[in-house]
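Structures incoming, each one as structure tokens.
Both complexes below contain subunit A, partnered by subunit B and then by subunit C.
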Partner chain A sequence: MEIDSYFIYNSLLGPKEGEEIKKLLFYFPKEQKLFRKINDVGLCEAIVQFSNTFLSHGHCKYMQTNDRIYLFHEPEPSFWIVLSMRKPSGNEFGGIKDEALLSTYQFILEESYERFCLWHNTFAALLEAFGTAILISKCKFFFEEFLEQFGRTPKLEKNLFGGFQYFSQDKSSILNFRSLLSRVQETFPEVLSVTFFHNGQLILTDLSDGPCSVLSKAFHSQLNPTNSSRSKFNKKKVVRKLKYGSIYVHLKSVHFPALFGECQVCIYCVSNFTIIFLISCGIEADDYFSKIDMVVGAQLTSLVSSVLSITESKKSLPELNLKFLYSNKLNKSLVASNCGNLNDVAIETLTIPNDVLQKMYVMHEFILNHRKHDYEIMEKVQADCWLSLKVLHGKELYVVIHHKNANLICVNDDIKKLSFQFDNISFAD
Partner chain B sequence: MSNSEISSALSEVTQNTEEVKQENHDKPLSEELSNVTLEEKELILPEEANTSAESLALLDDHFKTPQPPPPPDLTRQVSEDEMLSRQRHLSMLIAEEEESEYVNSASWRDQKRHIFILTEAGKPVYSRHGSEDKLSAVMGVMLALVSCVQDRNDTLRSIHAADHKFVFLIKMPLVLVAVCQMPLTVPQIMGELEYIYNTVISVVTLTQLDRIFEKQKNFDLRRLLSGTDKFLDHLCSSLDSDPQYLLRAIQCYPIPGSIRDVIGQSLQQAKTDDLAFAVLLCSGQVVSVCRMKEHNLKPNDLLILINLITASTAFNDGESWLPICLPEFNPNGFLHAHISYLDDGRNMCLLLLSADRDAFFKLSESRMKVVNKLNRHDCIKTLQASLGKSTYNVSKLGVADLRHFIFKDTNLSQFTFPCFSIPYTIEEHRTRLFGHYQRLRGKLHDPHIPVKLVYEISEHETMLGWVASGFELHAAFGPLVTKKQAIAAVDRLLRWVKQNDDELFMQRPPTF
Partner chain C sequence: MTVNWAVFSPEAGLLLASTSDKANMLVPFYFNNGQVTKLHKFEADICKTAPSLKLQERDVILLKLYDKLYAGILKHPQPNSTEKCLLSLYLLLKDAVVRKVYVLRLGMVGRFAFSVVDNLVVAHHQMSKTSMFFDIKLPGVSKQNVVYLDPLLNPLPIKPFLLKSPASDLTSKTAMTNTVCDLYCATWIVFQPNVIIDAVLGCMWYLKLVLNEMGDMFQDQTVLVDFLLLRKASKSAVLDVCKQAISPLHKIPITQIASIFSKINQRYKDYIDAELAYIEKCETQTETSSIPSRHRDWVVVDQNDLYAQVFFPFSESEEIKSSFKVSVLIEYIKSLHSFKVDIQSFVYELLVTCLVKGGSYFELQQLMLHRVIEDSKEVAALLRSLEDDHPKIDGLALDMYKRMATCDHQVIDILLSKKQVIAAIRFVRSVGMSDLVPARDFLKASMHDDMMFYNVYKFFEARNIRLNGKPEFTAAEVCDEYMLHYVTRFVSDVIQ
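== the complex of A and B ==
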């Protein structure tokens, strides 16, 4: 599939006939003929309004035609972002495959808006403060670059769990970080939020999943010290060296409209830890970060060894003849069967067949959409491939087993053995 | 003959065929029927032979592989101005739609399943809920959306909004739209729309439909379909609860195999030169089907006949004569159905389908032969005695933990399932169970990644769906059943089905 068009419109602008173009705030590709741009907006407006006729809540999510899929996102009232993807010729529609792809493309839509907001504020705020022309130019500036990153044929998003990975911890480690977080909150009231990462994996945050994901993606290159761009960053862009750590991003202005409004971001690193601080506007004192460094830096330095021991213990997990992915949202852990390389706990490293992977996406979507707390499903996808998902109070265990001639009970026995490894007796049948 | 003449006359034919039968007992049936068949000769199949000597040739025509209708002209280039003007027209229609009476009524809007049929000119043909006249604005928008997408040389398939799916089946000159809040996949909903489309075709034939709309684009099809609404309504209700449509298979009336064989032999007595099929239904389920050697009566066609009989009381009295098109058999021509009940309770219905439109009296004699043979072997009495006892309870199987199941023999396209016992005697639970079956089947038959087995544990049930060679099984257990218990239960269930297959399925359908 490739991106056919991506556009943003406000249905309240240009209400008169002949003024339809005023509704359009951004259109990609810009070379597209004007009448086609207007036509796209008109069609999407009609689809949204028509579907609303039958809805008591919610709004239009996507439309499928023989050749295209149109995805809709209304991030703010009357502002719509539409992504149209062209299907390869001869591809039939309507199956699970499409549903799996859709969640990926929906994610592109949502992320593009969240990133725009982070740097520029909401569409409505910009429209009110600066008028349509400035809003259009900001959209052009941001979205053209954003879409360039994805290219015309975006790949299937490989991470099921909201785009960032959890660092698996034991109880004492969780308590240490929690106490450090509380201490920062108490000592520095100007700090609105603190998020700890270790080698790019999330340790602890006081933000909810959405904003945390936006932040971690926006500053992705700075979170992982082994990342090549970070190495480059290391040499050139250390803003300030402190006693324990260094500051990489210093008081950059960002927007979290629903949470804090405008605030400042500061990225601070000690050893392999990266901490993102969100701080109220107006803090500029030079010694402010020295004070933070004294509290946070000193404590983190003492935690390095305990974190290292956790990483070592993970490496000693026995090799299993199956592929699994375990996520526990309660202690923010994510474990995969290839745990030797936790820096890239992405599903792609599990080398799961594409068909099975797509089924996993559909299962995950189903859990999210239906808010299932206790649920279990096992599917025999191909001749010798089984896919299983167990959900229990925020814990999700996906297992892929290749087992010739296995029946339900054999597969279940294998999964049961695995469940015990996570101290989740309740997972066992 | 002009279009209006054709349409008005055809409308009379369809309206009257039901009324014709025995409504006026004073008039001789032959007189009534001869009127109908005369009109049909002139209007429906004017070019076809009508002598009885030619009826075999006519039958051969029916059996020819139907030619697909020409596809809609999607390659037609539309000018930019035309596209923009249609766009503006669409916006205008949307504004009108918002003022429509039904659209503002929550009870209409919140229906679980809406079905709309409209013509390529935007004329309403049918709506499952509400009068289609008052929904012309909504249907106008549907058509405008379809044409706006067609202007881009593309075809609208589905819209997904909140928990609703809007599915479009474009079969020019008709557009069928389903608005559904159920756990069905788009291909499943498309399949349901195909059933509805086939029901329309069963009344008018594809050739007739194309011919009419070729001449008069804005023809009001309701004139031709008047009286058909109740069949469409009944079909739509059945889609929500009848597994026959979900499984694309038929449910046989359970009776011992030996009796079914005798009934089959009795149906063979109906043989005439141009008799294509003889079907005996009991309580809306198939007891036996006798067919010509070279031709099969496909489940989809049989479902049209079952819907016809179960939806209407119009055939209750005497013998009825009705032209009907079976789209899988031949979408371009009519067969003629002789319909009669064999008992006073109106449970046993005999259908004799012939290609000869003048065969009413011949088939009436055939009916007598069938009835005589059935009586000679006490089959009618046996069937009457089995009424009410024919469905079985899942407890009859003696399989612990099993709450309900559907077993489909994929080779025979037949299935069996027990009656709904506790907890499914309550509608809410029954609807949930049917939803599980719908979802499970959607997974098992996904067009891209079909699954062979699904085992799903949720709050209320544990469901198992299994596609193996020769059968398809959907089973519901209690939520606390273990996998070992479930597997053991399935083994016992399969053994039970095997032991009783002669009673549950029509294993040896007779031929003429």
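== the complex of A and C ==
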């Protein structure tokens, strides 16, 4: 599957006939003929409106034609983002598989908008403040670069399950982090939120899960000190060296429309700890960060040794010939096998074959759509590969077992061994 | 031996006799059970450069502080120097060399009188008409094994006393006159430990501490807590300090709040350890009266006290930001945890309530994930009661009950209330309770869905066959209604 086009329009702009082009805010690829661009917008508008007749709530999610699939996303009232994918010729594209794959691409739509909002604010706010011309230029600036990252054929491996890898710590060190957070809140009233990471794994945050996830995705490469930079936004370099730590991102303006409005991000590192500060606008004083460094850096430096000793003494998971992925919808935790230094794209490191991965997505989508609380499935996906899924009240455990001549019983035994590892809750009901 | 003069403490049965030319060679005698023991003599440190100065009887006092006896020697400075008076405390032990352990820096010169109230040394200075107090258990500066202490507060006068006496004219029997007593007057005589007599007025007073009024006099709240914990019956004053510390009016830094908690909990922990040791000793010994139980007189502020008097009203206050409430509770939990004290579930309950009220659902999830909030039936029950109004915490109670492994009935209850009957049956089977649970509840919860009802019914039918040898429910199980439902929904269909 290949991205055919990606465009954004507002159905309220250019209401008169002949002014349809005014609706269009962004179109990729830009070389496309004007006629085709207008046609696409018109088609999508019509489909959405037509399908609304049959829907009591929500809107049409996608449309499939012989050679293309259109995915619709309305992030703000009347603002539509559409992604059209070209189907590979001769590919059988039917049945339940479609929906699962489509949701993968839906992810591109949602993430692109999420990221745009973070850097530039909502479409409506921009339109109101600066007018159409600026909105169009901001869209062009952002989305062209964003789509370039994905390439024409987006990979499947993106983390669909959401959630965070937590840095597991004992009670007293979490209490120390929470206490440090209180101190920062008290000493620096301009700091809106503090999020602690260790090697890309979340320790603690006072943000809610949504914004925390947006931030950790956007600043993904800064969070993991050993990670090399991939995205254009995330060039990892030290901006300023302080007494204890260093600043990697210095007061970059971001938007959380519903939460703080416009604010600034500062990313600060001490050893393997990374802290994302959200700071209200207007802080420029040079010594501000030196003060933060004195409070946070000194404290963190003293925490480093205790944290490391705990990490070393932590028990590892049992050696089993399997790969797993555990996702807890409640606390957004995500655990994967061979997690050493994992970041949010855990699945990439799982080295699960693509067709097994696709099956996982199909299962995941099925659970999501059918709101299953308590479910279990085992499937032999390849000659020597079993895929099992257990669902229990918002927790999903996927296990991939490569085991020649394995039967259901021995597969089940292996899974049972694993089932007790997560949240101390047995999956083996 | 030529004795210049002697002082005697009837409390301790100790006589201190002064010998030598400068009167500073002191010999203690201990009187006990009709026997007199001479203890090690010692030389008191007095101003040596002024040859005319002799140690006066009035400059020597015997003080009982924290169950130990001290000889206090007032050392006057050299004439014309800038130095001030010092009170040196010599620890008197029956079988050890007497040595100077504390020096109280009085900061003034002139005549002093001393009292002991609640183990505090109170120094009254006549010229300035003020008093100051010292606590030997509070930290000071240590030099060559001697601890130098400064007064806890700046010198202050004793609270004036209003003497009510019958009016001198006899016209009215009820008429009273109020006389403001002159403080620190020359006619005062001070007796140990805390008696003051005014020879002219003919009055005798006991000097006492009013703890509740001392809170505002201390600048450093942590010193205040230290001070109060060493006093008798000071619990309400300690609780007042905590209340003040976390009230929005008194902007005390969170680090200072943390150190107040740490002081309170240190004492709490010491008490728990002492009590455990006491109980252990009581179990092994038959004669329990000989086991020291002094710790029971300590002022201990436990989790119940703080919860009822401080945290609960604090958590209910609308004026305080919920993030601050969470911070304070976290500091308290952190402090208890650092002393390895078991934390009562109501502390966690309060934390959960504050987090939920403040909408910090994700923070709650994180604290649960890291087990900062420990599992308990009470917390789980609270979470369950909150989850209807706060869907974002839905499922936390169920997980907690499952982890505890002693709450199978609650797990079944939750699953049935959510109409997840199949999940409930799977759970029942996994914990080996298949033969014990009442079928009625399960059938009732599955009535809304025919497919589910059928499956549940069949499960229990199989159980009936296994237990009773026939598929029907017994009368005791009161399942007639569901048997009828089964027949009408499924069996009659087949017949038709």
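Everything that follows uses one rule, which is that the second predicted complex is superposed on the first by the 333 of 429 C-alpha atoms of A that agree within 3 Å, B and C clash if a C-alpha of one lies under 4 Å from a C-alpha of the other, contacts with A are read in each partner's own complex, and residues count from 1 in each chain.
Note that contacts are C-beta pairs under 8 Å (C-beta built on N, C-alpha and C of every residue); 3 or more make two chains touch, one makes a residue touch a chain.
Keep in mind that this is a model prediction, so the values were computed, not measured.
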Inset, instruction - Could you say whether A:S290 touches subunit B, subunit C, both of them, or neither, answering first, second, both or neither? - result: neither
Inset, instruction - Identify the partner contact of A:T205: answer first if only subunit B is touched, second if only subunit C is, both if each is, neither if none is. - result: second
Inset, instruction - Would you mind checking which one, subunit B or subunit C, touches more residues on subunit A? - result: B
Inset, instruction - Give one of first, second, both or neither to describe whether A:S253 is in contact with subunit B, with subunit C, with both, or with none. - result: neither
Inset, instruction - Look at A:S302 in the shared chain and tell me whether it touches subunit B only, subunit C only, both, or neither; answer first, second, both or neither. - result: neither
Inset, instruction - May I ask you to decide whether A:K380 touches subunit B, subunit C, both, or neither, giving the answer as first, second, both or neither? - result: first
Inset, instruction - Once the structures are superposed on A, label A:S137 by its partner contacts, choosing first (subunit B), second (subunit C), both or neither. - result: neither
Inset, instruction - With the two complexes superposed on chain A, say which partner A:L408 touches: subunit B (first), subunit C (second), both, or neither. - result: first
Inset, instruction - Would you check which partner chain A:H393 touches, where first means subunit B only, second means subunit C only, and both and neither mean what they say? - result: second
Inset, instruction - Residue by residue on subunit A, keep only those touching subunit B in one complex and subunit C in the other, then list them. - result: 374, 429
Legend entry - subunit A contact footprint on subunit C (complex, rising order): 253-255, 258, 323, 326-327, 330-331, 333-334, 337-338, 359-363, 365-372, 394-396, 398-399, 402-403, 418, 420, 422-423, 426-427, 429-430
Inset, instruction - Using the touch rule from the top, collect the residues of subunit A that touch subunit C in their complex. - result: 166, 168-172, 174-176, 178-179, 181-183, 185-186, 204-209, 212, 330-333, 373-374, 392-394, 423-426, 428-429
Legend entry - Residues of subunit B defined as touching subunit A within the complex: 80, 83-84, 87-88, 90-91, 94, 97-98, 103, 106, 109-110, 114, 138, 141-142, 144-145, 148-149, 154-164, 166, 179, 185-187, 190, 443, 446-449, 451-459, 482-484, 486-487
Inset, instruction - Flag every residue of subunit A that touches subunit B in the complex, lowest number first. - result: 17, 33, 35, 38-39, 42-43, 45-47, 49-68, 92-98, 355, 358-359, 372, 374-381, 383, 407-409, 412, 429
